[in-house]
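You will see two complexes here that share chain A, one where it goes with chain B and one where it goes with chain C.
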Partner chain A sequence: MAMAALRREGRRLAPLISPRTITAVRSSPLYPTLEDEGPLGVRHISTQVVRNRMKSVKNIQKITKAMKMVAASKLRAIQTKTENSRGLWQPFTALLGDLPSADVKKNVVVTISSDKGLCGGINSTSVKISKGLHKLNSGPEKETKYVILGEKAKAQLVRDSKKDIELIITELQKNPLNYTQVSVLADEILKNVEYDALRIVFNKFQSVVSFVPTVSTVLSTEIVEREAESGGKLVDLDSYEVEGGETKGEILQNLAEFQFSCTMFNAVLENACSEQGARMSAMDSSSRNAGDMLDRLTLTYNRTRQASITTELIEIISGASALEG
Partner chain B sequence: MFLFLQPPLTRSHRTVRRGIVRRYEVDMVIVPATTGQMGVLPGHVATIAEFKPGVLSVHEGSETTKYFVSSGFVFIHANSFADIITVKAVPLDRINANLVQKRLVDFTQKLS
Partner chain C sequence: MTLNLCVLTPNRIVWDSEVKEIILSTNSGQIGVLPNHAPIATAVDIGILRIRLNDQWLTMALMGGFARIGNNEITILVNDAEKGSDIDPQEAQQTLEIDEMHNLACLFVNVK
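For the complex of A and B:
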């Protein structure tokens, strides 16, 4: 109360006493000074900086909370589809086996990643595994090529493995994922890339907080026969009679292609689920961090405000006592 | 038809479209293979067959359920398990014959 009264007094006297012109140089909005100029040239500590920071942190918190909810709803939509698609590749694996240790000359690594960011570390893990596979499978006669799905993996792999990339496909999730789209994609890959073994790298969705990087291997028919004959873990395809078609080879070729497209479908869905789940947890921790930051800033703001009030009081009181005494 | 001393045919049916996985114990399945209608009974020899779009009928005792399936594969394993994998499988009662005829005419026109 006393302060307000003194302020009014100050304002009344200001045009007589103030040595500076009214149009004093104001600090530019880009570089706010920590000192405000009040009437009579009184300077007190400004809380403007802290207030601006608090506003922007609060906005960030709102945005990340909204992003988390959006990701949660997208996850729910896609999760049932993914669980249903898991049954697809199981008979193929039961019959033909999944043999990641198959030693082949022409490897193709299909890396599945997301187009958008802010989804935690899932894309980096996929790329790390793809690079690991590449290293594992390069040797004197062996070669490994990449097929990339998604912008994020493209950005990381183009930097150092540009010559090994065969195909890049982006904007997969523009339309909701369905089998027709994936089968066209699989067709493109099978047509344009020579392969003995296709290794699909994706993140398998185990739960909302757990995504496991996985590699699914699809072998071409010649390799399957070679492995079966050598008495490996694959069941002997010869024990199965093959009906229809001209030759057994033709049917088995169709089988391998169908297997690839089914596995791809499942992989793409699982990766999409993992992406949404990872985004949920990333945005959740981000909003929690923003909340913590906001608490700290509020404390700083209050401290600054109280300090400036105290300083003003001290100045006024000492001024008043100087006048009296 | 139930063959004595053989386990009943267990059939698991997976589709891409609706992603249904169903396991049945059935007596017989008739599959529209590329070489014609193929009847699969318990004790069938292990086979891999491709099929063309057609009608799949599942016989369980005296009941028969028919589905229209698009192409796919059927694996018959030696232990009387059969896996049928198709892109689409629709129970016949959900198909409207008139609509199908109309669509057929439309698409034939579009093709030519």
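For the complex of A and C:
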């Protein structure tokens, strides 16, 4: 937003620059090419105006640089936690199988996003994928509901899918993320929402510059039974004798809830990592742009200053020679 | 033939290596697992897991979760786990007393 404002100021500035100075500036994509040659009135721009602009650009550069460093330190803190939680959902997938293509009647899309902005495009991609899943799974018998975590997805989805939203949860990151908090959340979701399949949409953290939007599917126990009976990948489940508790169904229900909370925990951590990483790169490119803009403004300032000095000298000298002659 | 044991919590991997035998406490009692056990999936109660490595028994406290045993691979997923060697008995005793007082206080509040 700040950069767009600066660009607008730059465009306002450009027509005031004298034609002789345009050649230097024309190569940059930021300034539009001028067709008309305005008068040589460099005095139209005061150095004061350019100096003010330079000050504000420098401040923005400092702020964005500081934000980048804050994001980097936060990223380092969450990254170890995320990597440790990655091993958690793998046994579930090994036991219960991973069936993103299971055909179910009641889909619930859990969209995970950030609360704060200035983090690049990760929230928009999550929302786009959620909307895509919604469209894919809407039909005569099927329905899709949303559960939203985070302010940014709420802002985007409330606009056009208000009736499909079941739960909205914000300010997740006020306290550092831990498993108890997320499992309470998962409990809330499971209590209030009817589902056959839960699809969690989040950004997986692959590296500091790469965030991949992913969907994890958690199926309810009835669907798991149905898929196990129909053969395919879940046949392994039957080969395990299930112990502890009264009925197999009760254990599987328990297992499904545990699986959901583990996958949620991993998803929330990965998304938090991606958010910090995206913010780091966004703030980095922003401070670099501010630096470029500052260079251009400095050149403009110096030229303006020199031109006004030259004009004054010319006036004085011509005045003096007129007096003599 | 040795068993491969993996104990995972949401925050970290607590144990990942080979063992000779384990004793696990489930909802329906304690079970001992030796190599070539039949495949089972079971819920794990809050209790103690005993691990045997070469005639030496190690204990670990588990806070409930699930276990899957198959193909000489044991995967235990729990909410939290602490190795016996990491627990300080004094501290644990103090925490126990504080919690008991807390429970009593809550009872009083409820009665009011």
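To be clear about the criterion, the second predicted complex is superposed on the first by the 278 of 325 C-alpha atoms of A that agree within 3 Å, B and C clash if a C-alpha of one lies under 4 Å from a C-alpha of the other, contacts with A are read in each partner's own complex, and residues count from 1 in each chain.
Criterion: a residue touches a chain if its C-beta (ideal position, glycine included) is under 8 Å from a C-beta of that chain, and two chains touch if they have at least 3 such contacts.
Everything numeric here is computed off the predicted structure, so don't read it as measured data.
With chain A as the common reference for superposition, the partners chain B and chain C occupy clashing space. When the shared chain is aligned, no partner comes close enough to touch A:V49: not chain B, not chain C. By the touch criterion defined above, A:L294 lies against neither chain B nor chain C after alignment on the C-alpha atoms of chain A.
In the superposition on chain A, A:G87 contacts both chain B and chain C.
Of the two partner chains, neither chain B nor chain C is touched by A:I60. Across the superposed pair, chain B and chain C both touch chain A at residues 81, 84-85, 87-88, 91-92, 94-95, 179, 237, 239-245, 251, 254-255, 258, 262, 265. On chain A, the positions that touch chain C within their shared complex are 81, 84-85, 87-88, 91-92, 94-95, 178-179, 183, 237, 239-245, 251, 254-255, 258, 262, 265.
By the touch criterion stated above, chain A contacts chain B in their complex at residues 81, 83-85, 87-88, 90-92, 94-95, 179, 237, 239-245, 251-252, 254-255, 258, 262, 265. Listing the residues of chain B that touch chain A in their complex gives 12, 14, 16-21, 33-35, 38, 45-51, 72-73, 75, 77-78, 83, 85, 87. Interface residues of chain C facing chain A in the complex, by the touch rule stated above, are 6, 8-13, 26-28, 31, 38-45, 65-66, 68, 70, 75, 77, 79.
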